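One chain, chain A, links the two complexes that follow: it is found with chain B in the first and with chain C in the second.
Here is the complex of A and B:
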């Protein structure tokens, strides 16, 4: 009874925090001056500019997806399947751009390739002018977003490779070399994972506005954001957000219809069950050199450029002076967000994993839908629902920011919990039940301690994504409560390049240092348990 | 003539000894069954012969040719001309029955017409001709066994390795498939190396039963034509 009541409470909370704002936004988009009207949509559909923006968004998303998958999948295979040297280091290296706010990567490339960037001092103004022209526009947007989202196909390929039954590959090894095994068996088996990665990259690129906005490539999400923040035309902003939600929903429906059926019954295999890495032989050296160069260009160069650009204590003193408060707020909100995301995700994950309710699949799909939804859509939805005099206690305080984090990122912690809970035999909880323990006691004393590694990983992921969030926070933060990513974004209009670079370095450090420290805790815990 | 020759093979996994100086000779067309409890090293012998792992010490020859020795795999699995039926069958879920059987023929670069003929013959031989286009998930346990057998035999291997292939089946199906495996072995004249923990099954399938315990061979018994009589 307690289990049912509590999980019902979680579902209701999920609906209230995530889905209600979206529904409220939809309703507001068709009600003008208290009457049902499609005027906003009529204006939207009649505008050739909107169609052009949508086309730009589609072109950008398709190119980034194609490039990220074309590079990410072979990279994932190299790092997850072969004896390439330093493969763990490379895997961590390539993930870094995904962990920091996307526009920081764009700022860094601007500092290098812009008209007055570092490159100008090295090669002169003419060449720098040419690179600047490439950076501002479609090619620059594609490259920057590709470098940010590359880890998605890379990681999903590595994860799915771990779930391929080693016996399937051994059976093929009896008759074919590794190239044939990969082509005929392994890659077709991990294809659902590759398609899932492609879908995620497409949706995330489609909803991204900070990078295209900075690199002056007009896309649809920028329109929604501009309508709201520059013109404060809420109806137009809402109407512009709805097509974004529609495209997201469409892509997810395609995923549900085709990909889930193609996902074979795969389970992760332990280190001892897996086959030894594929030996690259003579190709090992030049392949590791290729991966090293790619890591250097995609990850190391942008970080080094920011550090060089911000060199000197003055820039950091100025950064702390102008954004110290934002940094502290960011850390605090991210910590609160991560804690609530962990709790919320744990119970949502438990509900999904145990199929506690008949609607477990809808709960799962709702969280995924919210994760995939562009941040601007969730931000506008939250404003639409909570911006009333009666709810000012939420809208006028940082609570609205935390609600935004919960709405957007619950799917991440929920999925981590599902993966962790799947490894705990149901008999563990059943044994406690037979011994007379109530549901809360079972959760607190048996299930949660067994899932502690997943809980810690969930907290870490929740912290990183809350800290890097720009899209939602930018739209909903109450006066005096801006976070560091928002502060940097607003300062980018008139701040000096060294100040912006210093703030970006601080932001990157604020993400990576706690992440690095916390990353070791789950590993230490595992060692303690297994050792 | 000896088709497989394992000589003083030792294999350890992280300090635990799986095989301890095992020597085993298998003659052509022989049916050897390795019998023993879980963890005694029977599957390790199959994996060593298949070439998935290398011995720490000792050597392995197949058809008179050295294929592995002391930490080295000299000939990779695909060049050993072996067939194998795995305990969990390892049928490729994304390929049809025909695709599963045809995979090895494609890997050898065989022409389409010849492939079709070989696949058809093999499907007829295991009684699965009507199921060629089905996916493994659409087959019963016994049918999946037959497909696994056909896949292992289609390349006319020198040796057929079978790793507890019937352990997950009910007794009736288990008995029926034993007969089918024996019929196929006799028809195709293939050498059989079969692993099981079931004594009854071992003496039913073997011309020689090798008993193993804790990584060592405890004894070898020759089985006469009438079941259970040993020499």
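Here is the complex of A and C:
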């Protein structure tokens, strides 16, 4: 009874926080002056510009997805299946761009390749002009987003490789070399993971606003943001957001139809069960060099450029003077957001894993839908719902920012919880139940401690995504409560490049340092358990 | 973390955020944060009144803060709006979002730069000027150069759908009438004018020699000159009988239903002071003071020496809305 009541409460809360704003926004877009009107949608369909924006969004998403999968999957195989030197270091290195706000990566490339960037001092204005032309527009957007989302197929490939039954590969090795085994056994088995990665990269690129906006490539999310921010046309902004939601929904339906069962059955084999890494032999060195060069270009160069651009303590002193408060606020809101996300994610994950309600699939789909929905849409929805004198306690305070985080990122912590809970034998909880422990005690004393590694990972992921959030926060932050990413955005208008670069370095450090510290905790816990 | 601790943290957060001491003022700012924030900090330091600000982003094209005010009409959060031009202040007046307040510091600001009913008051202005590459001999002295065949393919202008360029084109429609203004726009297009995303980019194009001249804000031109870039600044249409430069003052607006009215009035008084104008003149935004006798940096002429375009900002605001479809069509959207 307690379980049912509490999980119902969680579901209702999730719907109220996440789905209600979106529904409210949709309602507002079709009810004009108290009457049903589809004028905004008619205007949208009639405009050729919208079709061109949609085409741009699709082209960008397809190119980034294709490139990220084409590079990420082989990279994941190299790092997860072979004896490539420094493979753990490389895996961590390539993850860095995913952890920092996307537009910071774009700013860094601009500082290097822009018309007056560092490259101009090295190769002259003509060559720099050519690279600037490439950076601004489709090629630049594709490259920057590719470097940001590359870790997704790489990591998923590495994770799915651990789920391949070693006996199958061992049997195949008797009749074939590794190339044949990979082709005939391993890759077909990890294909759902590759498709899941492709889907994630596609919807994340499709909803991405900050990079295309910065690099002046018109896409649909920019249109929705502009309609809202520049013209404050709620109806047009919503109408412009609906195609985004429709495409997201379509991709999720594909995922539900083809991938859901496969991805939930993740049962990684332990280190001792797995086959030894594939020996690369003579190719080991040059493959390692190739991966190293790729890491240098994709990760090290942009970070170094920011550091070079911000050189000098003056820029950092100015950055802290101007944005010290924003940094503290960012850390506070991200910590609160991460904690709430962990709690919500844990219980929704529990609901999904145990199939506690018949609607478990709808709950899961709703969280994923909100994750995939562009931030602009959620932000507009939150304003539409909470901007009233009676709800000032929410709208006029940072609570609105926290609600945004919960609406957008619960899917991440929920999925992590599902994966962790799947590894806890149900008999543990059942034994406690037989011994007379109530549901809350079972959760507090049995399930949560066993899932502590997942809870920590969930908190970390929630923290990183809350900290780097720009789309929602920029639209809803109350006066005087801007976060660091928002402050960087507002200072970009005529702010000096060294100040912006210094702020970007501070932002990157604020993300990576706590992430680095907390990353080690689950590993220490694992070592303690296995040791 | 237990549910009880979460409730505690949330309650603390709400409490801290909701406490509205009288010594607080909420201001929405369209002027670039990098220039406006130091002024607001000085105000905090000098008065002890805490300033909570919402700044615009470049992406919102300086209209995000105004639009947020419109959305919050029935639930005002702001006390003051610091607009970076008077047109949006006029829009707020027309929509019933602002309230009149005549500051004692507004007395010697010329009447053409303030609303007669006190709904907004101008201060620290930008002037629309021509930025011209130093390599160009016998450069243009009028905005009509955009239609002169001599400059075919050699001029650039910022996207007329946004910012001060929209305002100036609307002002031309008001002064010349629709027919002549439309013909000017068509001739400009025939003369193969290039379109940039903003005034800063236009000035950079001219500095790089990609184009010969552009109509930009005076701060864009002064910035490039201070950076040692090869450009000069020309105040257009200054000859006898010429229509003069379009002036774009900042505007301080008092918000109707302001939660902190007393602090709001003090902030407006502060913004309209000669001292604030002096600071903005010597900052990188290089804005021209409207008070008589306030010092200006050497790159700029005092307002008294500039021939100013005589136009009613209320008419410009109305015209700006009216010509939006024309401008969209002109841009091919």
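In this text, the second predicted complex is superposed on the first by the 524 of 531 C-alpha atoms of A that agree within 3 Å, B and C clash if a C-alpha of one lies under 4 Å from a C-alpha of the other, contacts with A are read in each partner's own complex, and residues count from 1 in each chain.
In this text, a residue touches a chain if its C-beta (ideal position, glycine included) is under 8 Å from a C-beta of that chain, and two chains touch if they have at least 3 such contacts.
Computed from a prediction, not measured in an experiment: that's the story for all the values here.
Peer 1: With the two structures laid over each other on chain A, which partner does A:185 touch: chain B (first), chain C (second), both, or neither?
Peer 2: In the superposition, A:185 touches chain B alone.
Peer 1: Which partner does A:275 reach: the first (chain B), the second (chain C), both, or neither?
Peer 2: First partner only, chain B.
Peer 1: According to the stated criteria, A:430 is in contact with first (chain B), second (chain C), both, or neither; which is it?
Peer 2: Touch status of A:430: no partner.
Peer 1: More chain A residues touched by chain B or by chain C?
Peer 2: C
Peer 1: Would you sort A:173 into first (chain B), second (chain C), both or neither based on which partner it touches?
Peer 2: A:173: touches chain B, not chain C.
Peer 1: Once chain A of both complexes is superposed, is A:213 in touch with chain B (first), chain C (second), both, or neither?
Peer 2: second
Peer 1: For A:314 in the superposed arrangement: first (chain B), second (chain C), both or neither?
Peer 2: neither
Peer 1: In the superposed arrangement, does A:482 touch chain B (first), chain C (second), both or neither?
Peer 2: second
Peer 1: Indicate the residue numbers of chain A shared between its chain B interface and its chain C interface, in ascending order.
Peer 2: none
Peer 1: Please give the residue numbers of chain A that touch chain B in the complex, ascending.
Peer 2: 165, 167-168, 170-177, 180, 184-185, 188-189, 191, 264-265, 272, 275
Peer 1: Quick check on the complex: what are the chain A residues that touch chain C?
Peer 2: Residue list for chain A touching chain C: 49, 115, 125, 213, 216, 225-226, 228-232, 234, 322, 336, 339-340, 343, 383, 387-389, 392-393, 395-399, 402, 474, 477-482, 487, 489-496, 499.
Peer 1: Applying the document's contact rule, which stretches of chain B touch chain A when the two form their complex?
Peer 2: Those in contact with chain A are residues 13, 50-52, 76-78, 80, 82-84, 86-88, 90, 92-95, 103-104, 106-108, 151, 155.
Peer 1: For chain C, which residues count as touching chain A in their complex?
Peer 2: 1, 3, 6, 9-10, 13-14, 17-18, 26-28, 32-35, 37, 50-61, 63-64, 66-68, 70-72, 74-75, 77-78, 162, 197, 200, 204, 208, 284-285, 333
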